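After this come two complexes, each holding chain A, first together with chain B and then together with chain C.
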Partner chain A sequence: MSNARNKPKRRKQGVAVQTLADEVLVYDLERHRAHCLNQAAAVVWRHCDGKTSVPQMARILQRELDAPADRELVRYAIDRLARAHLLEGPPASARYTRRDFMGRLKKLGLAASVMLPVVSSIVAPAPAHALSCVQEGQCGAAGNCTPCYVGALNQCAAKRCCNGKCKPTPAAQNECGC
Partner chain B sequence: MLTGRERELLLTAARLFLGNARDDEALSGLSGLDWPSLSDVAAKEGMSGVLALQLERLARTYRLNLPLEPLSLALRGTFVANGALFAELLGLRAVLQEKRIRAILLKGGALATTAYGGQIGLRPLSDLDLLMQEADLPVVREALLERGFRTASRSGTLLTKGSVMFDLHHDLINASRIRRRTSAFHFDGEALWKEAVLLDPGDRSLLVLSPAHQFLHLAVHAQKHSFSRLIWFLDLALVSRQLDWEELLLQAQTTGTLRSVAYAAMGMERLLRVQIPAGVWVTLPSLSRLEARFMDAVVGRTAKEPSGELLVAFSIPSWIGKLGYLLEFTFPRRKVLSDVFPTGSASWFYLRRVGQILALALIYLRDALRWENPVEVPKPDSASRPAVGI
Partner chain C sequence: MDKLDRLGWAGGMAFRAFGARVGIRVNEPGALDRIESLLPPGWKPATHPVVDRLYSLRVGGASPKSRIRRYNLLYADMKRVGRSMDLDEVLEVLASDMQFFVAEASKTRIFTHAGVVGWRGRAVVLPGRSFSGKTTLVAALVRAGATYYSDEYAIFDTRGRVHPYPRPLAIRDGSGRRFGRYAVEELGGSAGSRPLRVGLVVMSEYKPGAIWRPRALSPGQAALALLANTVSARLQPKLALATLKRAVGRVPILMGARGEVDEVVQTLLSRLDEAA
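And now, the complex of A and B:
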């Protein structure tokens, strides 16, 4: 087995990382893709330092999540991370399917929702959540429902972009479904 | 307006982020909250990410079931939106390197990668501001146009591509919009570039301002917007950790930004419990009644724009200068208006601006008439603490 597979290394260049209580968000700046790693995937990814082996990661995963974990579970996580281009080196060839793994977890009697490493793509939420507050002139670029202002920034809570104009929230709700 | 329990929780989250509060203060503030209103207020104050981070951590640590979905969504939204901005910046950096152009990343873009430790979901950004030499601006604009951007302003310095926006500057305080701002603030371009530091040691094309220049720039910018977003105080508090206050005050004297620093320091101390060295208060100017009222409104989160921008007049030495500034601010040149509001009418803007200022004057007059107690200029602890060298 190659070192890249046995002691994988996470990408550090060209990614932005946001660590949360139960998840890690990773933005691939080169591919313009955002990923969300659940706890199990995040633990494995954090320990992909090119030095920690798969069996060591299995022990770490078991300790950190307080649930049984084995090498296959770690390999599954590595496979998912590699497919999302979050590891250095070429992506692994497809080896595991989610269905195969769910079956295996059930056989082992593990809590699938906690232990199954998941690397999911994040779809940008509605612009109202995504952007802070823009001037009316920027409404076209920001999209409908983005908080906006005309003249004074204090209007941000009361106005939303709607068809390129900055309108009072009720009007924007009515016309643009904000 | 931030009121009651929601206001307190938002402030506690900011203080927790800075290490200036304890978990139990936040936990005691969780009951009886109006959660939808908390989410709205957090978004308005630019604090959704920080609040979500703190509440998710508390919920996990203390096994609480909190309705955090709107805040978590907002954090993820900010993460994705900012990721798109930084992805475009990565592409632009390659161009800057190739053409041997240097640019300074300003404000939120710089802070998200430095002060917030690269946790880009915490600091909402509407655009990335880049400062460069005037001669380099057309080259960078051309490069962005080649990368699919479109100009969004007549001056061609605001460029957009979908939700991604770059704002190109060759002058830190936008004196091209209000020329008399230079009577108040005078940043030495040469010093800015000389003291700027590389964002990434391996790339000489992209820099950030030195901590002192960054603090002064952020203070002036936040004042311009009447400190209307709490996140700006958090930015200032994070940058202040890297400051040599003595050097900052020297720079503030040189650049004419002492009053802006006074407002920023006062807000940081009163809102976020940031400890400002006692000697700093001795050097900072005393505030007039009007400025003290403004700061009360800022701390109460009720300050109205354009109060802060009007207060820039206090930083201009002569009365003629002050008057000239106020006139230029109230009636900007038509060229400036057509750039900022390409679709609006200048006459309508002038009328509205006069109305805004009259309304503001009436509010202050009403408050002044109700104001029975004499003003105590809020120089926190300066009276009780001995002045020490800084």
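And now, the complex of A and C:
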């Protein structure tokens, strides 16, 4: 096993980090993606310093969560973190599925919500994405189905962006039609 | 810009709002009176000659010496952003673009697309995109006695408090295809004036027939959801993350589909009363 997998190192360059009570928020400044690491994922990520090995991390995880944790669980967390580009080196291929671990934790009688390392991610919106209504010229940046207007702003309820154009929506209020 | 500068400009004004400086020049001074009513809430006159964005409005209409009718034209810096025979349409574009620019350019506040009301000294923040029923819920909460803060942006300062942005509510007509603007007083409510700490965050989406059974989100997930609606998320990610973390650090966060507003309003207000 390579050192990167056995003693992974978290990214320190190009990320902004905020710690909440149990969770960690990480913003990837290069990819404009934001991630929320739950407690289990955050514990593993904090200890990805290039020096701590997977078995050591398993012991730390067990101590901090006060529940049984093994190497496989740590490797699963590392996989998730690597896929989110939060570790140095190339992203790992997916070896562990969430379903595998849910079943495993269930068998052990452990609360999956606490033990399962979860990395929730979003793509940070471009400014126009966060608008309630855009001009037709902004449709390309805002994406399909964003309310839009061509002339009068009060047409916003009646038109949506569709492939860069601002087009009338179907009769039903909540349909996009694109 | 040179070409635009060479056109005759008869009047202008400059203002500051939430740290952004904006200038507007017009070829007919009379237009400035109408523009003043369109400025973002909380604007203050600026005297500094340098602005972050300059709008140029050419009022068209019929020429007294010929039968030619000229377009009303609006430029944001050098880019034309509005062109219409109807001045009202161009002014609406100006209002919308100015508000968006201020949200994008503010260096001191984080603008998140959300409705906000105040209740017993705490803010209820309702993030969501258009058509999620945000304004409907805000209007219902105001009718139930909440103080109006905004139906468009939750404006967070670096301490995580929400500031008022009480522009008229954009309420859709019965068909849901056009909207009109209503002052909060027309709904029997009043607008807040001081910043509030967040007391509750509610992420709801209107679905006909849905029963309000929200699930609680963790503060991290809530911060992520707010970030997904934040105008300057990409421009100021560090500030946005730090601010949203402070805003939602210890407050309940609910998420779920809702049916009609009446059912939700009382539940939300009771929850806030219990927490107070």
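As a working rule, the second predicted complex is superposed on the first by the 121 of 178 C-alpha atoms of A that agree within 3 Å, B and C clash if a C-alpha of one lies under 4 Å from a C-alpha of the other, contacts with A are read in each partner's own complex, and residues count from 1 in each chain.
Quick note on the criterion: a contact is a pair of C-beta atoms (placed from the backbone, for glycine too) under 8 Å apart; a residue touches a chain by one contact, two chains touch by 3 or more.
If you're wondering where the values come from, they're calculated on a predicted model, not measured in any experiment.
Novice: With the two complexes superposed on chain A, say which partner A:Ser120 touches: chain B (first), chain C (second), both, or neither.
Specialist: After superposition on chain A, A:Ser120 lies in contact with chain C alone.
Novice: With the two complexes superposed on chain A, say which partner A:Ala16 touches: chain B (first), chain C (second), both, or neither.
Specialist: The answer is both, since A:Ala16 touches chain B and chain C.
Novice: Just checking: does A:Glu30 make contact with chain B only, chain C only, both, or neither of them? Give me first, second, both or neither.
Specialist: First partner only, chain B.
Novice: What is the contact status of A:Asn38 with respect to chain B (first) and chain C (second): first, second, both, or neither?
Specialist: second
Novice: What is the contact status of A:Ile60 with respect to chain B (first) and chain C (second): first, second, both, or neither?
Specialist: After superposition on chain A, A:Ile60 lies in contact with neither partner.
Novice: Let me test your reading of the model: by the given contact rule, A:Gly137 touches which partner, first (chain B), second (chain C), both or neither?
Specialist: After superposition on chain A, A:Gly137 lies in contact with both partners, chain B and chain C.
Novice: What residues on chain A does chain C touch that chain B touches too?
Specialist: Overlap of chain B and chain C footprints on chain A: residues 16, 18, 20-22, 25, 27, 29, 32, 34, 36, 122, 124-127, 130-133, 137, 147, 151-154, 156-157.
Novice: So in the complex, the part of chain B that touches chain A is made up of which residues?
Specialist: Of all residues in chain B, those touching chain A are 40-41, 43-44, 46, 48, 53, 56-57, 59-60, 70, 73-84, 86-87, 90, 118-122, 124-126, 152-153, 160, 162-163, 165, 225-226, 228-229, 304-306, 340-343, 352-353, 356.
Novice: Going by the contact rule set out above, which residues of chain C touch chain A in the complex?
Specialist: Residues 81, 84, 86, 88-89, 92-93, 95-97, 100, 103-104, 111-113, 129-131, 152, 170, 172, 175-180, 218-221, 223-225, 227-235, 237-238, 241-242, 245, 249 of chain C touch chain A in their complex.
Novice: Can you list the chain A residues touching chain B in their complex?
Specialist: 14, 16-22, 25, 27, 29-30, 32, 34, 36, 122, 124-127, 129-134, 136-138, 141-143, 147, 151-154, 156-157
Novice: Taking the touch rule as given, give the residues of chain A at its contact with chain C in the complex, in rising order.
Specialist: 16, 18, 20-25, 27, 29, 32, 34-38, 120, 122, 124-127, 130-133, 135, 137, 146-147, 151-158, 169, 173-174
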